[in-house]
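To start, the structure itself, in structure tokens.
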Amino acid sequence: MPCTSSEELKQIMMQARVYTQYGKVADYIPALNQADPDNLSVAISHPEGNCVSAGDVRMKLSLQSISKVLALALALMDRGEDHVFSKVGYEPTGDPFNSIIKLEISKPSKPLNPMINAGALAVTHLIKGESVQERIERLLYFVRKLAGNPSISYCEEIAASEFETAHLNRSLCYFMKQHSIINEDVENLIYLYTKQCAIEMNCLDLARIGLVFALDGFEPLTKEQLIPVSVARICKTFMVTCGMYNASGEFAVRVGIPAKSGVSGGIMGSVPNRFGIGIFGAALDDKGNSIAGVKILEMLSKKYDLSMF
Amino acid sequence: MPCTSSEELKQIMMQARVYTQYGKVADYIPALNQADPDNLSVAISHPEGNCVSAGDVRMKLSLQSISKVLALALALMDRGEDHVFSKVGYEPTGDPFNSIIKLEISKPSKPLNPMINAGALAVTHLIKGESVQERIERLLYFVRKLAGNPSISYCEEIAASEFETAHLNRSLCYFMKQHSIINEDVENLIYLYTKQCAIEMNCLDLARIGLVFALDGFEPLTKEQLIPVSVARICKTFMVTCGMYNASGEFAVRVGIPAKSGVSGGIMGSVPNRFGIGIFGAALDDKGNSIAGVKILEMLSKKYDLSMF
Amino acid sequence: MPCTSSEELKQIMMQARVYTQYGKVADYIPALNQADPDNLSVAISHPEGNCVSAGDVRMKLSLQSISKVLALALALMDRGEDHVFSKVGYEPTGDPFNSIIKLEISKPSKPLNPMINAGALAVTHLIKGESVQERIERLLYFVRKLAGNPSISYCEEIAASEFETAHLNRSLCYFMKQHSIINEDVENLIYLYTKQCAIEMNCLDLARIGLVFALDGFEPLTKEQLIPVSVARICKTFMVTCGMYNASGEFAVRVGIPAKSGVSGGIMGSVPNRFGIGIFGAALDDKGNSIAGVKILEMLSKKYDLSMF
Amino acid sequence: MPCTSSEELKQIMMQARVYTQYGKVADYIPALNQADPDNLSVAISHPEGNCVSAGDVRMKLSLQSISKVLALALALMDRGEDHVFSKVGYEPTGDPFNSIIKLEISKPSKPLNPMINAGALAVTHLIKGESVQERIERLLYFVRKLAGNPSISYCEEIAASEFETAHLNRSLCYFMKQHSIINEDVENLIYLYTKQCAIEMNCLDLARIGLVFALDGFEPLTKEQLIPVSVARICKTFMVTCGMYNASGEFAVRVGIPAKSGVSGGIMGSVPNRFGIGIFGAALDDKGNSIAGVKILEMLSKKYDLSMF
């Protein structure tokens, strides 16, 4: 069984860390740009319950775009595949994650997939609940179960900071409201979405959630089905085709692991039937992915032959 | 002197009216789609104070996009040319009036011109005033002076109806707020903009305002300078290059009169140094211009050789 | 071991055939639009050498876009990964396969991936050889080895027909020549490319080539390495992320098998480490994929749990 | 009568010359980039036959995009307005002059106007003649008559140089051939078009042609009608709405004179009913217009109140 020693993992992490100098921390969200670009932590969560890690695993990161996968899983469980995909497409796109162009060009207007911002907002819109508060609590409850960690919550400060500056997401929402893709109050949706993005955890939690997806939705120890198989597979598919922003295609070629990154520097990986990976490294490459995180995954994939392809 | 007889004008109007059957009334703004597509009225306002008209000139129309020219004039007077054109460009565009694509593609992001919605919103943002109320009152005061009609106001019902449904304009505003083109509260700006679009008048008022532009900003009788010459010329230039939506180029070739149309079916024309024209005919062609109104202007231009070119 | 009985396969094929009535044969290439939309054939090629099939397996199809995968493999073997991906990107796109827009918008100009026409032309440009004739013969030699069938060739009539009408591909080539992505004579490249697209085989051959990719490049019986492992994996990755035109994302979710389709109605599938699939059914759905072919793959994937995800 | 003294004109030219340092000579056409950026010449041609000039008026320039206006006039005379505008639109565009995007997005595909490259190629395609040779000779004959100068011809070297490198224009042509906008051999059309662009003259000739357009197509002295009035007006309209590349709107506001520029640094101006202007100054601004030439026109317009608006 590969990668069960913390020492191995630490060595890989040390090799990857030299790349942090070529990246930079996200600056467009005020609450994020104070992260130390050299901090790096990584965890691998195995089905048998053992977990290896390296770096300062107590460091927390906000999920940001990684939350798109979790919201998609919940929305699919809440509404079913047909309903969800009547509002958002399946197809990858070469456009930037926050682009609005395709919403205007596509007839009928529809976000191309759930991993770009427009699609993620349309998905979060579908999370059930009587109120925004109930919806965020349902999402938190779901995330806590996936991570097996009842203490997970969102960071009020980050959520508030992103709420203040989320004008582009508001623009996307109003465009979609015009085209009846969403029909709730935009401020409510942004309120919910910024809290979703601000959910915080450490790389151990992240690895554990990755493991649940790797196991087709089963809790590793109790074997409880936390996510239906079909939903877990849909999520992994989108992680492959569009999980790493506009580097997803290259990442699939070079690494071949279903993974989703966020602008906070987190990456969640799911090696089907094998293990989950959680990484946190705030320095980003020019596509918006953790620069050292991608290196770690590349080295792991090469060393242990993890590519699906 | 051409076109001083109501009888002549009536005959031209009768010929143009047959085309209303090929147009249709705007349906995207609830308050507009009850207009009678066959109603048609036209007025020509001469510098000497005489005015000829045909059709039911008591009918009122809301200015809609025609107001973009008036707001531009006021913003130029309020802020100066340099300030205004640091926020909005000079160039015509082949994109639809409500398109958001160029805002994303252009670096730096900037609306292409003041006649598309994004540009008009950026211009209205520049109208001075301590409050939205003061700003709309300043605009109304300006419009009343141009028309020489102190009773002009906006229609609350139309404004409210458009405010409810202005999601695309909100989308444009938040996109521009993201890029620091505007920095006020978006709901405030939409509130002001929908009132601006709902300013109501009849074709006589419209012809009179067209005359002021035709006379380089001078009040025809008192010779008071209501608009600086340079501002009046800038407005006429945009009327030629982008006043008739995506038919501006064809209109310039076929008619050659500075003109601005609105989705309510109004057209304001300014024949430089000669006269102003006001038309109201709610049936629109596929570009969004009054179908009979364009015909009237074409016939007038041919008959009296009104083309600038 | 799944799907080793022709009877099973025949039943699946019969169920899929009812969908041909909702598709239509490609009409933009004169030589293709005479295919019988109801003809359907399918073959599965197993590593042990056994092959099951259904339908009239003697029917030949021209590879069309399926050839893009084979040319990519050869170009990667000829030039190496770094050279190839300096000319063409890795990323899927939501744009149509023949779109030129991203070539203009992307800076520097570069086709997004090897599966869209622009990228495929850039890849074919990289196939080594002193002359067009030598290059097509090298490609044929390679394809014959993959299929284990020395009689495979291209159809002169189809190649000539496509050469006549390939104006859009010429447009893409000249655009790329302007941007130094290609530097050979455009007519030569179109001549080579249309021959590549016109390579003909039946579904047994196609299944056998699919098997070679499924086996990471190894000849199933002799275990000869026909394609380097890394090249075979790159090809399978692109088959997943962009093998089925603008339905690739949905196909990955619903089927989860690396596959490449062509406008002739062919689909080549590669179930990693398991078997190869060849399908021919000329009636296409609105995305350009064989409508019955997609149904067959969906049923096979469900029945035998073939999804990679 | 304004601007009849060479001394006045010389002073304006001297003031404008200081701006040449901020511009640069076109470098994408090899034969052009050897021009001296400081050379500047200007001529004004009056209806009475007198002509004032400044700078070295013997210098010749190739027309480049200025030829688009002349080809449009001839095509309109050859084919009539309806035929020409069935192949090319009337509308200005905010896209670059050599953009291909709108050809793909617009349904049906059609170049937006005759001043962008795609539209100009479609117009040149319409020039009548049994052979390319006859067509270029018919165009030359027409240009010579307009200029009153039988010695005008094209520069073989420039034509050949542009023919070699016209890949983007070939790309546009094949795209249009695909969509049946043009149906001749692309190499023939490029051959004709590059000769058209390489027609050479000095600023006196250019001013004289500008005068003919200013006079609605009449030869100034003989009063012969060289161009029908309607055709001359159409040409002037396009000069206003899209004659100065993506600075046309700003130029209309600041200068207000129908004008057409070329990448060689030439500008032809037509002040309606007054005079023609020819300018040559090879240093271009960032929009592709002669930087000193635009300044000269701005100063002339301000000083003599030449704006149409």
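Note that the chains take the letters A, B, C and D in the order they are written out, and that residue 1 is the start of every chain.
Keep this in mind: contacts are C-beta pairs under 8 Å (C-beta built on N, C-alpha and C of every residue); 3 or more make two chains touch, one makes a residue touch a chain.
To keep track of the chains, here are their UniProt names: A, B, C, D = Glutaminase.
Everything numeric in this text was worked out from a predicted model, so none of it was measured.
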Number of steps on the shortest touching-chain route linking chain C (Glutaminase) and chain D (Glutaminase): 1
Option in A-B, C-D or A-C whose residue-number contact pairs overlap B-D by over half: A-C
Interface residue identity across copies chain A (Glutaminase), chain C (Glutaminase) - same or different by half: same
Distance from chain D (Glutaminase) to chain A (Glutaminase) - Cα centre to Cα centre, in angstrom: 55
Intercentroid distance (Cα basis), chain C (Glutaminase) paired with chain A (Glutaminase), Å: 32
Centroid spacing, where centroids are CA-atom means, of chain A (Glutaminase) and chain B (Glutaminase) in whole angstrom: 48
Per-residue overlap in chain A (Glutaminase), given as positions that touch at least 2 other chains: 105
Overall pattern in which the protein chains touch one another (line/ring/star/complete/other): ring
Pairs of chains in contact (touch as defined earlier), listed by label: A-B, A-C, B-D, C-D
Partner chain C (Glutaminase), residues of chain D (Glutaminase) touching it in the complex: 99-101, 104-105, 167-168, 170-175, 177-178, 186
For the chain A (Glutaminase) and chain C (Glutaminase) complex, residues of the former touching the latter: 89-95, 102, 112-113, 233-234, 236-238, 240-242, 246-250, 252-253, 256, 258, 272, 307-309
